[in-house]
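Letters A, B, C and D mark the chains as written, and numbering starts fresh at 1 in each.
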Amino acid sequence: MIKFENIGLRYGVGPEVLRDVHFTLAPGSFHFLSGPSGAGKTSLMRLLYLGIQPTRGEMQMFAQNAQQLDRHKKAFLRQKIGVVFQDFRLLQHLSAFDNVALPLRIQGQKEKDIRKNVEELLKWVGLGDHMNRLPHTLSGGQQQRIAIARAVVTKPRLLLADEPTGNLDDEIGYKLMILFEQLNKTGTTIVIATHNEQMMERFRHPRLVLEDGELSVEDAIYATQTKKILDGVY
Amino acid sequence: MIKFENIGLRYGVGPEVLRDVHFTLAPGSFHFLSGPSGAGKTSLMRLLYLGIQPTRGEMQMFAQNAQQLDRHKKAFLRQKIGVVFQDFRLLQHLSAFDNVALPLRIQGQKEKDIRKNVEELLKWVGLGDHMNRLPHTLSGGQQQRIAIARAVVTKPRLLLADEPTGNLDDEIGYKLMILFEQLNKTGTTIVIATHNEQMMERFRHPRLVLEDGELSVEDAIYATQTKKILDGVY
Amino acid sequence: MNIFPIKRKDRALGTSEKHTYDIPLDKGSGRLFLTILTGLMVFLMLLSVSAAYILTDFAQNWQTALDGKWTVELPVIDEDGKDLTSKQIEDKSQQLLTTLQEFHAVRTATLLSDEDMKELLSPWFDTDQAKNDNGEEPLLPIPVLISLDMSETGAKAAHDIRMEIEKISPLARLDQHESWLSELLRLTGTLRFVAVLVTIVICSAGTLAVAGAMQSRMAEHKESVELLHLMGAGDQYITRQFQRHAFIIALQGATIGLIISVLFITGLGWYLSGHDETLLPSFTPTPLFWAIFAIVPLSISGLCVLTTRWAVLHRLQKML
Amino acid sequence: MNIFPIKRKDRALGTSEKHTYDIPLDKGSGRLFLTILTGLMVFLMLLSVSAAYILTDFAQNWQTALDGKWTVELPVIDEDGKDLTSKQIEDKSQQLLTTLQEFHAVRTATLLSDEDMKELLSPWFDTDQAKNDNGEEPLLPIPVLISLDMSETGAKAAHDIRMEIEKISPLARLDQHESWLSELLRLTGTLRFVAVLVTIVICSAGTLAVAGAMQSRMAEHKESVELLHLMGAGDQYITRQFQRHAFIIALQGATIGLIISVLFITGLGWYLSGHDETLLPSFTPTPLFWAIFAIVPLSISGLCVLTTRWAVLHRLQKML
């Protein structure tokens, strides 16, 4: 479904942040994206949600060349992608409810369906009592949950989550991982950028590891050994 | 050094976020502050850095009643506190260097000393190459490191860090914890709000646990048992 | 994040208002500026358009009243400056009348009656009194006027008539009305041109200002716009938000401008009517005139919306 | 976070400029508004202050030129309207002169010579020609004028003088200059009052506008201000930032306003001098006058800074 070939990226005249990135994501796959801080995880995510253009290389998304799409097709393609931004990017003047409802409204869904879906989802992430609150009156973790709810509410075909549990306690973090797993079972391709080793150990999925701007793919089996030990701890 | 008695807090006419909070922090102590998302960790931090006033109860800080300070004394007291905000709060128009230098400039230090100190610290947190960059061109983890550098650059007597490693990989996270430990050894009182169980296990410090708005203090010994098991893993 | 929430109870509670805009265009300082701008545009535009309209009306009045109307003027004194007797005047004017009626180019020739004369001169002289005080004769030697309705107004006709009337009385004069009519028409033409120019300048300046204001609002809300883009909002979706915003503001501004202009024009009309009624032809507002007052604010609002649309789309095209 | 960095190479590189403001006051739209505002304030203020100054100067000129100066006017016709002969005129005027000089209240009494008269009347009549065309006598009967330098200007002195001169010539008239001088002085007084009023209004409105603008800038940068507070910045530290910003902007605006006013006033002076030199007393700018042009911009800048200081401190007090 997604195919990166020889992708290179630099910001302005700076050094190359990504070099010769080369990978394929099969439909319905689930990958972790890891690497040290500043390795380029968020930059790779930006390429995936079409937030920036690569400096070189070729990007195939949903069987289309992503670099040659016209504006209309690009907008349509983006509607199939859900993104949890590392810095949330909630609209500060909209309530929690309206923030989550926004992508549905953009897709032109009926207001009645929207209300039902959004309320259900917000209850599920534990924010049933805070639906009409503005983001700045919510705690960091609550804001992050809204960002996650906004990304999954459209049941996207590709879900990109950048450090989605950085501000959450383990309990709610695992609950949200299970939400992602369920979404994955219905066919959504998922990429989660994270530093949380524990989470990667617990949920066996192949990892894309960024190091010095270069990407390597590690299989899930590699991690299984460690996971068994940890399973005893929790 | 810090003494909370019967502290209660509510935002506007909402429910009480903190109830009957009661604790003492000795000078030079090191505490973790934990609790589920939305428990009130950030709110407690806000009380500690005098960002809000409690609705009821009594707050003693640095042997002064914190609720009855005049504006001048309050500003002076705040200069002794370093804060890492959960959402960083970097000034977007200032370079990394200027962001870190800001508290020193407010304290009126000499520009020459400032340059030396700030450069050294930024190199130490791994941002020596990014000193003149604006925050929005840095990765999430890099921004977080600037926020930490800004909080510790003044060698404060009280350091409050709200989820300081949420966007950092384990390696740099541990490095920064060691920075905090060193600061603690020079006499700084430290409170770190975190969800990171692993970190709390590894660094044995007493925990303040918030649950349902109520605070309980758990001793470090409690956690030692678990830690030993984990030490084998890493 | 608001760190002083206790001070503002409502915000602290944090319940947001009804969702109206995805982009918080309804907040911020640009609003007032745009409202005033459109208000001003509508006001100036209405002034210049109604000025143009009234001038056109006046010009037409003058044109239809005077076009094809010539006048022959017969002074009531002879060549030596002595007053003519009533008999002489009667004879001469009858003679002139018959001669003039024979011309092919003259449709009708009418001797202006005393009544007509009185009316014509009333603005300048107290004609009633002038006659009554001295019995029959007026104090001033009022000339005899013969009004001609011409079927042809060429130079040849004028020449021929002049030749004929000179034979009857060397002092008789043909007035073609042309010089001052064309003067007046040129003046109103110039004024109308100025009005149109003003309108064009206002429209262009206003359009530029609206476009500028909208682009600065876009810059202000860049992050929100980008976010909407990344969620798959098309250019149309985003543009609609700005258009709606512009429409509401423009309509408010236009209403204000409309009210002010109506007050202004009514006040001006009232002031003028109280003073020099004779100076200008009277102007009765036609339905078309009032229609201008509906059309101008609507078109300006429309223009604002279109400008906004263009400016926003233009800027969006440059985004990824 | 800027997600379209490739489009803007400089920003993408992300190297920031030199650190000047902790709060980014130098960016944003409020700047232009404040500059124009102070420019306008300085311009209007300079106009009204220099108007007041010039009026005061004029009034003083008139006052010193005419205060204590009365005139006795002797028409050159007798009671029946017939012209007097040169001899008669000579006699009468000498008689008047001696009588007047005897008064205690009169310091000196001088007969205005023909030369003086010519000069006095020159703005209104072409006196040169009037005399030359007809030999000795002027075309118009120019009255004899006796100028009195009074040591006392009370009503009694006036009454006494009137009684005496009536005996000599019933047509002779005493002109105390008072009615039109006091009229003139009242007029300049009113104008000066208006100028002061305008100045006060401008200052208050400007002050309010600056205070409002500064508070809205504070609201705009609320988060940064709060952050500085939380880092232990005192009210003074934060206020200084705004003051510096206000000072720079005010100085820029004031300079613009100053330049425009100087151009305006010079232009006006040039225009007036080209036209009616006799209408107004000539005005030579004194050093004090030019000092106004230095003082006003500086005081307005100072006022802006003080207003800013007050507004910011006032708002800061309300913060935690």
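Keep this in mind: contacts are C-beta pairs under 8 Å (C-beta built on N, C-alpha and C of every residue); 3 or more make two chains touch, one makes a residue touch a chain.
Not measured: the values here are computed from a predicted model.
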{"item": "Fewest touching-chain hops separating chain A from chain B", "value": "1"}
{"item": "Most distant chain from chain A, judged by the mean position of its C-alpha atoms", "value": "D"}
{"item": "Rounded Å distance, chain A centre to chain D centre (Cα mean)", "value": "71"}
{"item": "Mean-CA-position distance for chain D and chain B (Å)", "value": "64"}
{"item": "Geometric centre distance via CA averages, chain D-chain C, whole Å", "value": "40"}
{"item": "Of all residues in chain B, the ones touching two or more other chains", "value": "11, 51-53, 87, 137-138"}
{"item": "Touching two or more other chains - residues of chain C", "value": "1, 3-5, 11-14, 230, 320"}
{"item": "Parts of chain C lying in touch with chain A, wherever the complex brings them together", "value": "1-2, 5, 11-16, 19, 21-24, 27, 223-224, 227-235, 237, 317, 320"}
{"item": "Chain B partner contacts - residues on chain A that touch it in the complex", "value": "11, 34-38, 41-42, 86-87, 126, 137-142, 144-145, 162-163, 166-173, 195, 197-198, 226, 229-230, 233"}
{"item": "Chain D contact footprint on chain B (complex, rising order)", "value": "49-53, 71-72, 75-81, 83, 89, 91-95, 98, 101-103, 105-107, 132-134, 136-138"}
